[in-house]
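The two complexes that follow have chain A in common; it is paired with chain B in the first and with chain C in the second.
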Partner chain A sequence: MPDLGLNVLFEGRNFVRLLGGLWTALWIALAAMAASVVLGLPMGVLMTSRHRLVKLALRGYLEAIRVLPQLVLLFVFYFDLTYVTGVNLSPELAAFIVFTLWGTAEMGDLVRGAITAIPLHQYQSGYALGLKPSQVQAFVVLPQSVRRLLPLAVNLVTRMVKTTSLIVLIGVTEVLKVGQQIIDRNRFQYPDAALWVYATIFLLYFLACFPISRLAQTLERRFAV
Partner chain B sequence: MELAVFREYLPAYARAALATLGIAALGIVLATAVGLVTAVVQYAQVPVARRVAAVYVELSRNTPLVVQLFFLYYGLPKVGLVWGSGTCAVVGLGFLGGSYMAEAFRSGLDAVEPAQTQSALALGFGPALALRHVVAPQAVALATPAFTANVIFLIKETSVVSIVAYPDLVYVAKDYIGTDYNTAEALFLLVVFYLLIVLPVSLGAAALERRVRRAGFGA
Partner chain C sequence: MPTIRSPHSPRVAAATVTVLAALAALGGCGSTQAGDPVTSAPAETVTSAPAVTTEAPTTATGSFRSVADIQAAGSIKIGVFSDKAPFGSVDANGDYTGYDIEYGNRIGQDLGVTVEYVPVEAASRVSFLETGKVDLILANFTVTAERAEKVDFLNPYMKVALGVASPEAAPITDIAQLAGKKVIVVKGTTAETYLAANYPDFDVTKYEQYTEATSALLDGRGDAWVTDNTEALAWTKANPGFTTGITSLGPADTIAGAVQKGNKDLLDWLNAELVTLGAENFFHQDFELTLEPVYGDVVDPDELVVEGGQV
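What follows is the complex of A and B.
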């Protein structure tokens, strides 16, 4: 190895630029996650409904989203939409929408799972104590569902963050794109830049996701039933 | 959308689908092997190796496949390790999937009640024999749903291998969009071919899970 290609990271504003690129990715992930929570909660509740048609439609939505790789969803949404309708979305917005569609489906399924995991006797005991259905929901079902849901939802955040690595492929200038720019710009001074830049990006993603997955594990242990 | 375009594109997509399946199969085999070793090392609490396994699982689970592949394909050659795109794709899938498989197997092993091991030991089995003949068969059944979920996950994850120039379905679709501008047809075929691959696998997985449950191992 020639003398430290690592230095390329500290040339000019390179490292700050990488962090900026990571922030672009994180920002989209967090915004999509927030939207997914807002939309996924009602979706999950509706998935437990007794209405056959509602259940079928939501189940169909979930499976349709799940069966395809997220990259394919991104491509279809970003390229096809423009091609067919002429609507021209920025890649950032397209990524946000696709992640929200996907996140809502996943979140909805988690919510559904958390609700259906509540044993029947919890409801029956609530009614036996004279609680109204709305009170059973608020004081018996909701608190227990949230304990089950929280670790899984936090885990979904890490999946969302990891999935942002795909958006470079529809042209978002995020951390990988910035990395490529740095490598190309320094091709002659630092021929080994690729090793260090990609190792750094690997580490940055790890540093972004590791605390979140740790949080999910801690929550899971704390709320273990 | 035009039918003639479909007819023209079909052979290339069929070839790419086989390439996707091939890379997925190899990746899944490698991931399963890595996962088995990791899970057993952690279950048996082998000193040192168990720490290495823990670090590996965290690194693998908390980074995206795309970033792992970029490092393998563009980073490693700088230290003299030059791998082709197929090798990179398989190694990447093995690295990523290994930790997911390890978690699946480990949860299967943990779900087997300690009484099973204790009974086996009381009957005179050694620890290795107890694992092999008593715990493992039950753990395999218990881990099946997580295992099949991982298989489907890894097949879907192969969709990113075009970034290391592996000619999979996405690669072909991008190619046709770029050269002919038949975006609608190219993407339609992309979706159809992924459905053709993933749907039978999910149906097979569901059937396998039912079978395993009927075997009476699962709770």
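What follows is the complex of A and C.
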């Protein structure tokens, strides 16, 4: 059979549509990651707090987010929120909120880990130099924490990008859904198009995630303590 | 160690609270429609209900929109499949096409509004309607008693039954011919339950996947494949040497659009629209345009198409 399913990719605007789907997935993941960094930093600092109530609340939040599958959270924010309160979020916004809640929890835990890894003598040396507690945090603890943190945070980005494949279930047409649309459209003429389309999506995910993952490696090497 | 860090907590806590509040506010911005979709659905016995929704659309009568609301907004949201050709799919240019889409376009035209298509998944069709995220579902929605408790179905615009695909060399044109033959079905389909209930003596081989069933038929491991008639027609059209000898077997299910429970105003308008469309044989034209290229001319359109909402 001379008809290659490969041709399907270049028919009409199909390839552009796939790239558009990838972009949808990427911007939701990246925007959520940016918000997660902003929210996760204070959360991580708070998690090292001595107040038991604060610690308990944050620990509870982290565990709750961790045990719930992201898919459940997506349904809660897209459908259940409307059932209960009448508030109607766009699927993209619901996805952004869910990924931010998840990212904040994960990020907070990473920050907590990075801070507690700073040895006590670093604090003591800071105080010995006459720095105020806030200055010790700002100039001694946080810079060192951030170095430990960066590679881990970048890893979280790639996990987020991959998890965006779930958002199709609340009606966001991301790269995987575009792929399914193309496959179904050509189901009768090119039954083997699925192979080509999925291979292309694999490549697109790889092209998106590989540089990010390399960045994590590079940072890890540069910041090696 | 912790003793050193504790002094900062309150301030950072304040910052965190501020940021979280900002996020909450951001979430709030997204709310476009107020109203309570769950508790507001009028009782099923209501006969003169439309006045409630049309006169006071802004009060908490539900998150659904009446015909007047939709026309005032200038667009109707229709939930459709985006990957179920030939009913609803997206072409290479990114445009929606299919049997359901032709119908949706016509509804938009007659309402005088633009149509905003929302891609839905089979499992979430009811939720999309219940939460008012779409006004209407036209996604090859089979009418069942269970679904009718949650949504209001329009009158049907299509019907489906079972079909039997077999080799042209040894066509099966009557169900009685299947006695003593090897019959192929896919597990979990209507075909499996129908044969088990009505023809328990048949020699039935069950496969997990559609592709396994079709290759079994191609290989000659079976004499006939019983499945949805639309599926049988599409497959035999694409595979020369095979024919759908029986195009309508077993009880027919109807396919209909659906609106949110209680949206009688829109329901009545759409049912009246079906009568208008029936007068001009709209769905036969729709069939020729979208289904015939896929199903071929083996099937009589009247076996699939329902005009005027009357089976």
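Heads up, the rule we're going with is that the second predicted complex is superposed on the first by the 222 of 225 C-alpha atoms of A that agree within 3 Å, B and C clash if a C-alpha of one lies under 4 Å from a C-alpha of the other, contacts with A are read in each partner's own complex, and residues count from 1 in each chain.
One rule holds in what follows: a residue touches a chain if its C-beta (ideal position, glycine included) is under 8 Å from a C-beta of that chain, and two chains touch if they have at least 3 such contacts.
Everything numeric here is computed off the predicted structure, so don't read it as measured data.
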{"item": "Three-chain arrangement built on chain A, chain B and chain C clash or fit", "value": "fit"}
{"item": "Which superposed partner A:Leu53 touches (first chain B, second chain C, both, neither)", "value": "neither"}
{"item": "First, second, both or neither for A:Ser165, with chain B first and chain C second", "value": "first"}
{"item": "Contacts of A:Ala128 with chain B and chain C, given as first, second, both or neither", "value": "neither"}
{"item": "Cα-centre angle that chain B and chain C span when viewed from chain A, reported as a multiple of 10 degrees", "value": "80"}
{"item": "Chain B versus chain C as contact partner of A:Val45, first or second or both or neither", "value": "second"}
{"item": "Touching partner for A:Phe79 - first (chain B), second (chain C), both, neither", "value": "both"}
{"item": "Chain touching more of chain A, residue-wise (chain B, chain C)", "value": "C"}
{"item": "Chain B versus chain C as contact partner of A:Pro69, first or second or both or neither", "value": "first"}
{"item": "Gap in Å between nearest CA atoms once chain C and chain B share a frame through chain A", "value": "5"}
{"item": "Intersection of chain A interface sets (partners chain B, chain C)", "value": "79, 83-84, 168-169, 183"}
{"item": "Residue ranges of chain A in contact with chain C within the complex", "value": "11-14, 17, 35, 38-39, 42-43, 45-46, 48-51, 54, 79, 82-84, 86-90, 93-94, 97, 100, 115-116, 120, 123, 127, 133-134, 136-137, 168-171, 173, 177, 180-185, 187-188"}
{"item": "Residue numbers on chain B that touch chain A, as the complex places them", "value": "58-59, 61-68, 70-71, 74-79, 156-160, 163, 170, 173, 177, 183-184, 187, 190-191, 194-195, 198-199, 202"}
{"item": "Parts of chain A lying in touch with chain B, wherever the complex brings them together", "value": "1, 5, 67-72, 75-76, 79-80, 83-84, 158, 162-166, 168-169, 176, 179, 183, 191-192, 194-199, 201-202, 205-206, 209-210, 213"}
{"item": "Chain A contact footprint on chain C (complex, rising order)", "value": "1-9, 12-13, 15-16, 19-20, 23, 26-28, 30-38, 63, 82-85, 89-94, 118-121, 124, 127-128, 130-133, 234, 237-238, 294"}
